[in-house]
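Think of it as A, B and C in the order they're written, each chain with its own count starting at 1.
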């Protein structure tokens, strides 16, 4: 099928960017969205042009590195799907597709469709962990955890840190990402000793990075490729209040 | 040179305990002055960097991804083994040790494997303490499941995302140390060379992938945890960025390469759909518990699967291996699929696939049960292929998944270069010629949390008086210049073909002649072909853009240049090993009914290859494998 | 404690608590306000309504609550504008193409716009009635021998003008949409979320606060406007 791509090109973070239009006459519907970019890049390089830079790694929907804003939606039109798992059979012959990088002041553009998401790492460094040195642990079965809690914690921990929540949020808020980690550790007995301190530090770090505020539009939950729930944001809101009251 | 594996004395069950009790250590005050470089932030790297940081060392950690959380350990699905015996089914450290040695087809080192089995239990404790949400029973205790090739249930798991959860656990421990300033994190950095001063590894040259700038970093010791090199085949289940560059550069600087030809092929992957294919996706092995594998009995049968009547289907695994049927080990299932396809019975548009059919199980157990067991896998399959596995059999084909080979290391995980360590998949040590399912995660975390942080003391304890070496030392300058020149040379070629063109050609040759089945004639042919591809790569490759900017094509070119050298060594190694064992199947060495034929008299050794210079043949050193605690027997799954 | 509190309310989540608390308080105010205003429909020439206005203007308890109410209104406005400005800063360059139709409601994405319309309405509304009542030159009426400010006739006169009625109707739509998202959102901001009770809160927000209350408020000017035609 024939696909027209309007792709954001930007040499680096300091120069302004613009859209370039490319036409691919023969796209297979079995291709993934990124494989279509591979094919386009192959062509560009053979023509002596600069290839399009984009982030990607595992290409099986789990590493969270791919990040394209496709036709107005983070990771494209399919819910519960990362860009690397989006296949061209979900588009029609003759479609024009607009592809942009994640846009947020906390995610500065590196080149073309690549952005810097290290803000997420810094939020985790501020408190997204349980302080347990190697070798300190007690036997794994010494603290039973109700299956329901363990399952909920898992659902929160399924976050791949791709940043689609920030990209899609009209305020570029990182609440879904941060709350997923706060909530995961708040649901587990091992996370209790640092529970109050953790939520405060992580929210503080989140605010410092310049993410927007949460308007509870719920768009993040819908566009999250792993379906992380707004429940976690509510839990973080609760925990943050409690942590400030008890302090 | 005689390879000294430095295996401690004493009975196997006591070696590690005794060794730990006597190993020289570095006292806390001195740790503060010692810097350690860790390259790679997967399970092995992140856990090592975190633990070394906790111990008080100054650590610099590097990864090429935009965040340490994205290392490819994250994609592991199935689980992690540990000899906890929570299932009360007779498991023990010894049994895990034995299973791993046997599963590896008796080509791994007893002492290392036993230590791995010993520390496996502490890994689970550590991960649970970090908040890793393993699957649990209703009683609140941890759940276990069984996995291929063993008779006990010792696999801990977190849905089909165990690797992700373990990595996020290690990443959180690492992040904590970054927050404490014990670890300095360098994301989007790729190591391009190791710097050796007075015979010891003292640092690395790394390229900042955003600015393109080359950087020099000093360390009293360098730990490589850079994963496997399956991408030499172009198509594999590895991540796009997974590469051999770090360990290859170490190899060229004197680290021997162990068993390079030992590659694991995973039988259940989604087949190639066309030339555009960029990687392959694995479907968990667990599918073979309820799926039946078949091909049509008629050659080139173009009917749809559902239209082929039962008596015209060939359930070839059940036919050939009545005892294990569809559950034979990975290498056997893979070869059998290749054999059928090569003989012309393959299915799908490419004819390079076999069916994995759930219709019997759905009839027997109901769709709900199958959905509960495999729902997420069926979804992945449908997402990629657009076909519904509930109504149409899945099409599967084997794909490269893991490389057992890697840098040769001694009991301390040190390579033949003093101060240079290799952990996790990038060393050769624990899996012999074939890795058991759910053991890669175990090895990565064992090395990083519990082994390396202790064994590295043996080297560093002698180094406490060594001051940090300034990075304007001539060796740093030389190494940086070499990297700079290589980049300049690549950029100046300005040919007409993109990097992937050569990578794909290399992959085809490796897959065809050094993949699931190898023979002497094919390997000889392949060696020449790889040399030719390498020559044309250096003449015709085109890299757009500049070296001093973000340039993914340059990154790829630097990696592929190394794969092109590695490929030849893999071929040499496969050619040298005149036997079939585990993932290495030489067609000349098989039993009458087509099974792998090992030669324990002549090949019970680790091949350790020494680099001798560009265009010089590498020299083979042999570390004999001595088995004192297990008896070598032929694997049989009939 | 003081520093803890300032830290709390300076954080993004703390500011959302303020929005939620003030917003939910204003929701309860709306209910009370509506119940009082329903006196307009009493066919008694404004007696009940004028008594009610006088009570509201003079009762000390009501007066105190009224000041709290003004404070919350101001807080809600200032905090709202502050958050909106911060949010704009969080994405200085927008997307060329945005499709959020499948991921969020229109209301939720336009709270600041709706809030601004409501603010304009509020100014007109306060000027017409509150300001007049407090400082204006009000007509006077006598009920049971005592003289009262005749709020009723002021209201009726205002509502009889079609443009004024139209402004009211439009504003009530804005309030409806604002609360369609805002009421339930306030609970979420405060961390009150439960798989069983949250749907009930959402229904209450939709049917009572987004539909019934604005509809009844809008009915008043429409009624008097039509009556006057």
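The definition used in the following text is that a residue touches a chain if its C-beta (ideal position, glycine included) is under 8 Å from a C-beta of that chain, and two chains touch if they have at least 3 such contacts.
The structure displayed is predicted, hence computed values, not measured ones.
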Most centrally placed chain - per-chain CA mean versus overall CA mean: A
Pair with more cross-chain C-beta pairs in contact, given A-C and A-B: A-B
Gap in Å, rounded to a whole number, between the CA centres of chain C and chain B: 63
Centre-of-Cα separation between chain C and chain A, whole angstrom: 37
Chain A and chain B: spacing of chain centres that average the CA atoms, whole Å: 27
Two or more partner chains touched - positions in chain B: none
Partner chain A, residues of chain C touching it in the complex: 4-5, 7-8, 11-17, 83, 86-87, 89-100, 102-105, 108-109, 111, 181, 184-185, 188-193, 195
Chain B contact footprint on chain A (complex, rising order): 11-12, 28-32, 34-36, 38-39, 41-42, 44-46, 48-51, 53, 55-65, 81, 85, 87, 89, 110-111, 114, 116-118, 120-121, 124-141, 143-147, 150-151, 153-154, 157-158, 160-161, 184-185, 188, 190-191
Residues on chain A engaged by chain C in the complex (per definition of touch): 6, 8, 19, 69, 71-73, 79, 98, 100, 103-106, 168, 170-173, 203-204, 206-207, 210-219, 222-223, 230-231, 233-241, 244, 247
Of chain B, residues touching chain A in the complex: 47, 50-51, 54, 65-70, 72, 74-75, 84, 86, 122, 124-142, 158-159, 161, 164-165, 168, 171-173, 175-176, 178-179, 185, 187, 210, 237, 239-241, 273-274, 276-279, 281-282, 380, 383-386, 449-450, 453, 496-498, 500-501, 542, 544-545, 549-553
